[in-house]
Amino acid sequence: MTDKIMTARKAVDTFIKDGDQIALGGFTVNRNPMHIIREIIRQKKKKLYLVVHSHGQGMELLIGAGCVERIELAYGGVARFAPTGYLFKKAFKDKTIEVEDYSNYQMTLRFMAGAMGLPFIATKSGLESDIVRKFGFSPQIRGKGKIPEHKLKVINDPINEDGGKVVVLPPLNPDVALIHAQYAGEKGTIRINGLSFADIEQAKAAKTVIVSCEEIVPEDYIRQDPDRNSLAHFIVDAIVPAPFGAHPTACHMYYDYDPNHLNYFKKIAQNQDSFNRYLDEWVYPFETMEDYLTKVGFKDLLKIKANSALGYAPGLDRR
Amino acid sequence: MTDKIMTARKAVDTFIKDGDQIALGGFTVNRNPMHIIREIIRQKKKKLYLVVHSHGQGMELLIGAGCVERIELAYGGVARFAPTGYLFKKAFKDKTIEVEDYSNYQMTLRFMAGAMGLPFIATKSGLESDIVRKFGFSPQIRGKGKIPEHKLKVINDPINEDGGKVVVLPPLNPDVALIHAQYAGEKGTIRINGLSFADIEQAKAAKTVIVSCEEIVPEDYIRQDPDRNSLAHFIVDAIVPAPFGAHPTACHMYYDYDPNHLNYFKKIAQNQDSFNRYLDEWVYPFETMEDYLTKVGFKDLLKIKANSALGYAPGLDRR
Amino acid sequence: MEPYTATEIMALTAGSLVQNNDILFAGTGLSMLAATVAKRIHAPDAIVFFETGGIDPSLEELPLAVADPRVMVGTSVNSGLADALSILGHPKFRTIAFLGAAQIDCYGNLNSTMLGTYENPEQRFPGSGGACDAASLAYGIIVFMQHEYRRFVNKLDYFTSPGWLSGYNSRREAGFLRGGPMAVVTNLGVLKFDDITKMMYLDQYYPFTDPETIALKTGFSLDISRAKKCSPPKEDELKMLRQEVDPQRLILGPMPG
Amino acid sequence: MEPYTATEIMALTAGSLVQNNDILFAGTGLSMLAATVAKRIHAPDAIVFFETGGIDPSLEELPLAVADPRVMVGTSVNSGLADALSILGHPKFRTIAFLGAAQIDCYGNLNSTMLGTYENPEQRFPGSGGACDAASLAYGIIVFMQHEYRRFVNKLDYFTSPGWLSGYNSRREAGFLRGGPMAVVTNLGVLKFDDITKMMYLDQYYPFTDPETIALKTGFSLDISRAKKCSPPKEDELKMLRQEVDPQRLILGPMPG
């Protein structure tokens, strides 16, 4: 097995190309694969096709930096810091991105179907709503590349005569899944602490899996407790060592979200000039986590450092 | 929340009635809920409708004792100790039970669909096979009670024009799921060590969940590490303390399967008289695990005691 | 000026709608306060879970997001979306979801996606998240709304989450197995749905307002004939909310007056 | 008498069919030996997994069942059936499943369920287990058979697991995305499938037998024109199998002679 441990630069350069369909791991303010996302921006990847359930900070950055052409999503926001993501909102209103709306369960089921090789998956969720009635992607592009022929279909339950209508959803098999995890074994076994969101399904559904992680540990060590592990080593194509790699979002047991940074981002996100200055200040100059963290500074990092018993930073000023 | 901790006698008496559809946890020689199963036999429950993927020792006992009317399964055997279960084989040939054959993936997907509230679930597995072409249950009983109207249906992929044929399966929502786990918190949080088979899906799919366990631990303790937990407390209706409750099958980190007992069972299972004597000797007299274990004896229990590093009994004579 | 804020009475009122052993699907903000109120006062055995996978956390600090690491501690199980969202429709449980929305119609259908259309978008909200799922699958939903004319509309710009659809038996006929909105808790009062028509009516108004004012702030014709005046929050409940649930007033906002 | 048993040459021969980086779906018995042989000799980076959820265990002791606690140790992940069986069809991986059966037909379709019919059952085998899934979804399967006339049949009593169906392109036309049997390893030789017709032919026969004997033990017409004699097992491979893989001969059974 070839060595999978590499820099973000190499992982993004090797595995991500313009136009790829990309699943972002994490959820709003937690475990966003920010280190990889910043590298995507540095490498100026274009026309990305994001598939997410509820995404926040990472998606905001990619949209703002002009890397995104198209999104399938259930939710675009950074929790209380931006109930609707400013850059998502702006791109949607300016029609610089195409958006297709699903629900969280629908997106999760689609990832799961992709992960399990199911031809499609069905749910009662969304019947009669505009999610099943309105279509964001133009008919011209449907069925091309990764874009499914049908957003979804409402059919009669084919096996239970009393089952009524159901929503049938196409599976998702993204080109690349980007995940930030706490631990990776040297051969690629991944362990996520706390909630896994839909990261595991996203990784299993994808053709290529890039995992950034807080720590790389010996494969023997991570295999001493395989009940805790989230992904088998052979699923993973690239491991990127990235301590604090989810900053300014949280990483359970390692650090909390960074309210200072997220509040600052909220301000600068409302204007393209200030957002561009943010890229110049926070994204372009720092290829390594070391350099980025030097910019963040010890003071803020110590504030968000997780308490070992709680997994977050108790008493953190989150206003 | 009322107290869920109870004896096997009370759990079976309260929650299992004749004719119930019952999912058995475990797999061939591992984590069979034997203590509960023996109690079902003592209480002479009848006409049970088993739904399992690959089941072994527990199913053999229930069939032999005449508790079973009908089974949906993928596999009936006790691994090398009885590649096809003798009592299953005999009941099938004598037509004293009705059997419907599925595959392991199909049964697992059906439990999963039941657990997730999906109206149905589809797979490519089984196309053109007799699993989709032949039906074990008589047409007269189909659609009655828990028996699905259709074993399955082969349809054209409704959402992907190039998808071809797919097998659509009905979900399973058993009346009762019987699970043997390593740990239960006092309020019902369950932790399974090692492989979970389809136990988690079975429990979530069922109306009533009975869990026997090696140890009951304080709820606070089991919640100190919720990443390891398998079932939320409110899913579980009865917790039955049962150290060695899976014997003669294995329980990872606690004990190995008991080759002496399984080899002995293999012999007695081939004849109804000797099987009845087994019931008289091993099942009817012992309502508590303490009494049952006294019968097994320290000698055999020490032989199968798991090594803490390995989870099984290294060097165990398994011939 | 009342000695309590609208947010405070909303949290306490919504919390009182919960029964013991209910399984509560909570978002953040008001729904988190309401769920905590419910557990501390009305329904000690109620269970709170989050769509992100945190099942029954200890909630020693108030989470600001459903993905806040504070929902991962003291839980019964830490899982993920597939698991958590599957609980919503579990027929064994009375699952109650607290939802917010940008628009609501007279049958309790919700919009949290956008104003305008995909072709001519005017405003964008975050989208369904788990709201459509909860509204589709849960035993019931309780909706939080700011009571404004432009939010209580005759026709949603985008129909994100199914309520009683077009009223009467339309929800069951559409294929839903259960569910439907139980109540709408606003900054002015509590609205419920007629047993037969499933049309919204005013059930309670807070002491600082009146039914006519509420009707004027509602964009569709509202039945106010059944409205009762709501009692002000009890002293001890208000104290508990302020001192124990949100002492930093992260969600409660400024004190009254 | 040969200085090796049929079981030994079967395990070694099947193991040699594995490529490096293959993901091996193993049952127990012979398939476990073959997988271990593959990893130790031909394909050190091959990965073994079990349908029960044990992914790449260290296998310090030979498991006697796919649910043996020995498949839960040193694994990359301990999961369950849903996870493990999902790996079979993953398009990213060359998944190879080792399967046994009671009957096989000339297109490699398998019966592991029963003889007779549900109405008039004559014999019962355990059933599909994961065999139908592996045969349906994996990149390829390798089948172990006892080479007996009554097992190599024209028509299966029960069609449990899909091979090449009725040959030619019928497998793809039926809706399968990939897969099909690659080889059948018996106690007499190795059979493969014609590239075009997908009909079984004799590829190799062991040194202790001959093509005509094999044809006589095959219940359908067998092409033996392409048969080559197989070399006897190499000394070092036999030694490794006996001393390291199954020293207790739990699966290998008695020594030769």
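The chains carry the letters A, B, C and D, assigned in the order they are written, with residues numbered from 1 in each.
Assume contacts are C-beta pairs under 8 Å (C-beta built on N, C-alpha and C of every residue); 3 or more make two chains touch, one makes a residue touch a chain.
The structure presented is a predicted model; accordingly, all values stated were derived computationally and were not measured.
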Shortest contact path, subunit B to subunit C, counted in steps: 1
Centroid distance [mean C-alpha coordinates] between subunit B and subunit A, Å: 38
CA centroid of subunit C to CA centroid of subunit D, Å: 57
Subunit A and subunit C, separation of their C-alpha mean positions in angstrom: 28
Touching two or more other chains - residues of subunit A: 109, 117, 123-124, 163, 166, 194, 227
Set of subunit D residues in contact with two or more other chains: 72, 78, 82, 88-89, 137
Pairwise chain contacts under the document criterion: A-B, A-C, A-D, B-C, B-D
Partner subunit A, residues of subunit B touching it in the complex: 109, 117-124, 148-150, 152-153, 155, 157-161, 163, 166, 168-170, 193-194, 227-228
Complex interface listing, subunit C residues touching subunit B: 21, 23, 45, 47, 49, 55-56, 58, 72, 74-78, 82, 86-93, 137
Interface residues, subunit B side, partner subunit D - complex: 26-30, 53-54, 73-77, 79-80, 83-85, 88-89, 92-93, 95, 99, 101-106, 108-109, 112, 123-131, 133-136, 163-166, 194-201, 250, 252, 256-257, 306, 310-312, 314, 318-319
Subunit C-facing residues of subunit B, complex: 1, 115-117, 173, 185, 187, 189, 204, 207, 223, 226-227, 229-234
Subunit D residues touching subunit B - in the complex, by the definition given at the top: 28-29, 51-54, 60-61, 64-73, 78-82, 85, 88-89, 113-114, 117-118, 121-133, 136-137, 156, 158-162, 165, 174-177, 248, 250
